[in-house]
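The structures considered in this document are given below.
Two complexes, one shared chain (chain A), two partners (chain B, chain C).
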Partner chain A sequence: MKLGFRYGVGAVILAVVVAAYFSGSVRWTQLVINGLWFALLGAAWNIQAGIAGVLGLGNALFIAVGAYTSIYFYNTYGISPWIGMWIGAGISMVIGVLVALPCLRAGLRGITYVFATFASSQILLFWLLDQRWLGGAGGIRLERIDHSPINFRFTTNEPYLLLISAMLAAVMFFTIFIQDRRWGLYMRAIRENEKSAAMSGIPVLRYQLIAVALSALFTSIAGSFYAQFQMSVSPSAVLSLTMALNTIIFTVVGGIGFVFGPVVGAFGLIALSEIALHLSGTSADFASIRMLIYGASIIAIALFLPGGLMSLFDPRRSKDES
Partner chain B sequence: MTLLEVEGLTKSFGGIKAMQDVSFSVDEGQILGVIGPNGAGKTTLFNLITGFLAPDRGVVKLAGQSITGLRPDLIARRGLARTFQISEPMNALTVEEAVRISAYCRSGINRREAFTVAAEVMERVGLLDNSKKLTSSLTAAEIHRLEFARALAAGPRMILLDELAAGLWPEEQAELVRLVTEASRRDGIAFLIVEHKLSFLQSVADSSIVINFGQKIAEGPPAEVLRNSEVEKAYLGSKE
Partner chain C sequence: MDLFLQVTVDGLVTGAVYALVAVGMTLMFGVMRIINFAHGDLLMVGLYATFFLTTGMGEATISSQVLVAILVVAIMTAVGLALYGALRPIIDEPELSHVMLTVGISIVLQSTAQLMFTATPMWLNAGNWKVVNIGPVSLEQRHLLALVMIIVITAVMYFTISRTKYGRQLRAVSENREMAGLVGIDSRAVIMAAVVLSTVLLGIAAFVMLPLTYASPTVGIPYTLLVFVVVVVGGLGDMVGALVGAILVGLTQAYGNTYLSGNWSGILVYGMLFAVLIVRPRGILGRGRVI
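What follows is the complex of A and B.
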């Protein structure tokens, strides 16, 4: 049943993507790309937080590195974003490990680790504001718009929709693949109990760092996609607290640790937000009503469904079930 | 042949001497009980041997090689498995996943072999029917069997059992005696057992040491050791 449900959720998401693809509507494709992008961020965060239990709040840092790197290398050296995104991913993995290593080794867990990793993304924010070669507060934009698949540059939204779908699918397949293999089992054992995991012979710190590096890799790729799709990036756009929290809210609402959690959360909340927008029309205070509905739903889920939406269909995983 | 050698193990927490100059050894396939009242230092002893605590002085050797001060996972990979007193659960994992994790820690094992080892071990301890269940849904007795299965799946040369018989019914306890004896006689696995249930220790242990206030005060077969007056004083002192 669990597997059947997975297929069901996958089919619904696929249907939405296909519908958007053939809708010919810029607004719809944009919206679905946005949803898939946040789902990708969530899926990447899910690997470190949901599977390995390393609760970091610094992933916006990797979005920024991926975004800046792909644009900077394209502008300065004419390197295709297809290559630039991997350079960014490499840098992100190194930074991710360099930040996580001392924090985890010093025993930071829970809220202290959250603060430490969030601080690392804020350090990058303030550093970027002073870097004139990276455009300072204004950020950088693509200097040459040269439409070509080689340059990651398309005239319409549809190819971007396909690309982001493929990226999300790849990360989700990867997550499913490792789930009951050595890496996934080790990470889940560490999430459940570090002491017991160590006594089973698992090098705890090493696998925590692998989880962080994987998370950094996929988040950085998502960052490069963002930059190429938007054709620009600025420090405040990607390194805000909102950006960091959105990823987590989408994942937690959908179901942390579930492969489909991030995508269900992202699509669910974005759909809700759109419906609220529609209902409130264009009245003067529509923005506040929209946020009110949005906020109330998140609180309701946190209170009544702490395992997230996915736990509705897979009660086996819910914590209260024991 | 001697498998585990503990020499002059000493550990202080602040001004409290938790372990003072404790020495003993365990042979291959031998079952050694550790007896002592609450707070005597039994769990500290386990933590020192398994690398969760570093001793101030003293040496721990496994098969002639020093493992003193090594990380717990490296000690585990050298063949020392351990169960925990308050069993440290892996709630969101199924029984078979929890056992496979230990099997994966055998060196050079591939996925299929790990799954086979896990299935064999689950059958041996009688958990095969519960293999798809979440560990959080197991009964206390089943959790104890799972802890034993996880230790066994790692393919150890020695297992440290910490209060594994606590809270078990007599028939469950007898089953545990059978499993431990079988592992010792058939596979040559050595055991170091901390246990409050003296009936359990007497029926399973070849020999025992008695610890009180971090010091070894007696050594010998459990039945003999328990007749020792000093042991009686340490253990049943409140009756005086």
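What follows is the complex of A and C.
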């Protein structure tokens, strides 16, 4: 039953991806890429918040670092974004740990940790605005657009669709892989009760930092993907409160702590907004109507289904199992 | 020296405006332990209410201004009751539910405003508001009003909280809701009053601020962010702390914008948030309530 359900959700999502791949429609591939990208952000955030219980609101920082690093190294040194994205991931992991360490040491948890990590991403935002060499408020773009797989640039959307699917699948498999092994068990023990985890001899701080570093790594890779797909990045595009909150919203609407939570949330909310688009038709207000429905569904989930959509199918089972 | 004085006064005035906006959030956090991500958007509701009532009244006289203020307070009381109704079921849920619900409310308020009033910023015709000169320092009359208002409101709130029955009940509920219930305090009524007080204060803030700013669907977002800094620096739930935090943020911005280049004031403000959380998680005065 449990595995069957997991396969069912996976099959539906795979079917959507395959359908978009063969649709030949730029709009549809773009939409599915967008959904998978947010699912990837959610899956990365899920590792620190859903599994280890470290509730950070600073992940937009890692998107920015990943995006800026891969473009900067490509423009300045001609280094392929395939390598640049790992440089960015390394920087993100270091920043992530450097920010998280003093916060966790100072005992910040819950809402205070949320504020501290949000402050770190705001500091990067204001710093970037003054950096001429990184384009200031306008951001940077790929200076030479060489369509070639080596340069992570493709002429059509389809290769990007395959890549983002592979990245998301990799993070999801990784999550499933660690969940019942030592890392995952330690992290879940810390999430459930930090004090008793420490009493059982789990090095709490170390595993919290590992969760943050993993989250930073995957978010940064997603940031590099964003940079290559959009061909540019600017401070306000990635370092907004909206971006940080969207990651959390998609994950929680799908079901925090569930492997499939982020992807179900992202696809669910994007499907809802497409339906809203069709219902409002040619109305000039469609963007506002879409936001209104988006907001209302978040309120509905928060009030009536705090476990997220995934908990609908399996309300009584512990959230790690399905 | 004149410049320094002027910048200091500007910083204090900005701080007073932030304090007006922030007091409600810290009050709500004190009794509910909920951080309201829709706080700035509720201010936006107050700004629209003030805008339409003021333009609806036509000629601005003292009595029409007083009437506008009373009506704005009435509207914000209703808004506060609705907010309490929405938040009540999730008070005891984990923080993530608080974030989700208030973010949802924020998005709904912004998109509704967009649908009803479009994105065009609505400015009030400043009319007869004048600049006052005190020695080398010049000050907008409305800013002077903001300063006076924040002093009056702080005094009234301080008296209410430290001397009245409601204040004692509020402090008891902030301290421990269950124990307060055991000694016969109706904690639901106390919390409801605190939420309504929070939105009413936002209404007063909107009334004071409108001639100097505008009403638009997204006008609240920067206030939400700055109020986060103010209430954390002051200590979550500490009202005197919020006043201190607001003045610190206002002064930091004023000095930063004048004496430092580029966006250093932004870095300083959020650097202060980060540093205070690390060094004094309970706020500058050390009296905040951290969960």
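As a convention for this text, the second predicted complex is superposed on the first by the 316 of 322 C-alpha atoms of A that agree within 3 Å, B and C clash if a C-alpha of one lies under 4 Å from a C-alpha of the other, contacts with A are read in each partner's own complex, and residues count from 1 in each chain.
Just so we're on the same page, contacts are C-beta pairs under 8 Å (C-beta built on N, C-alpha and C of every residue); 3 or more make two chains touch, one makes a residue touch a chain.
A quick note: this is a predicted structure, and the numbers were derived from the prediction, not measured.
Considered on the superposed chain A, chain B and chain C are sterically compatible, since they fit side by side. Of the two partner chains placed around the shared chain by superposition, chain C is the only one that A:296 touches, whereas chain B remains out of contact.
When the two complexes are superposed, the chain touching more residues of chain A, out of chain B and chain C, is C.
Residue contacts after overlaying the shared chain place A:196 against chain B, while chain C stays out of touching range. Working from the superposition on chain A, the chain A vertex angle toward chain B and chain C, CA centres, sits at 80° in steps of 10.
Shared-chain residue A:108: touches chain C; no touch with chain B. In the superposition on chain A, no contact is made by A:155 with either chain B or chain C. Across the superposed structures, the minimum distance from chain B to chain C, using CA atoms, reads 14 Å. Contacts from chain A toward chain B in the complex involve residues 180-182, 185-186, 188-189, 191-193, 195-204, 257, 316-317, 319, 321-322.
Within the complex formed with chain C, the chain A residues making contact are 55, 102-103, 106-112, 114-116, 118-120, 122-123, 125-127, 129-130, 241, 245, 248-249, 252, 256, 285, 288-289, 291-292, 294-299, 301-303, 306.
Across the complex, chain A is touched by residues 35, 37, 86, 89-90, 93-101, 103-108, 110-112, 114-115, 221, 225, 228-229, 232, 236, 261-264, 266-267, 270-271, 273-274, 277-279, 281, 290-291 of chain C.
Contact residues on chain B toward chain A in their complex (touch as defined above): 50, 52, 71-74, 76-77, 81-82, 84, 88-93, 97-98, 100-102, 104-105, 111, 114, 134, 136-137, 150, 154.
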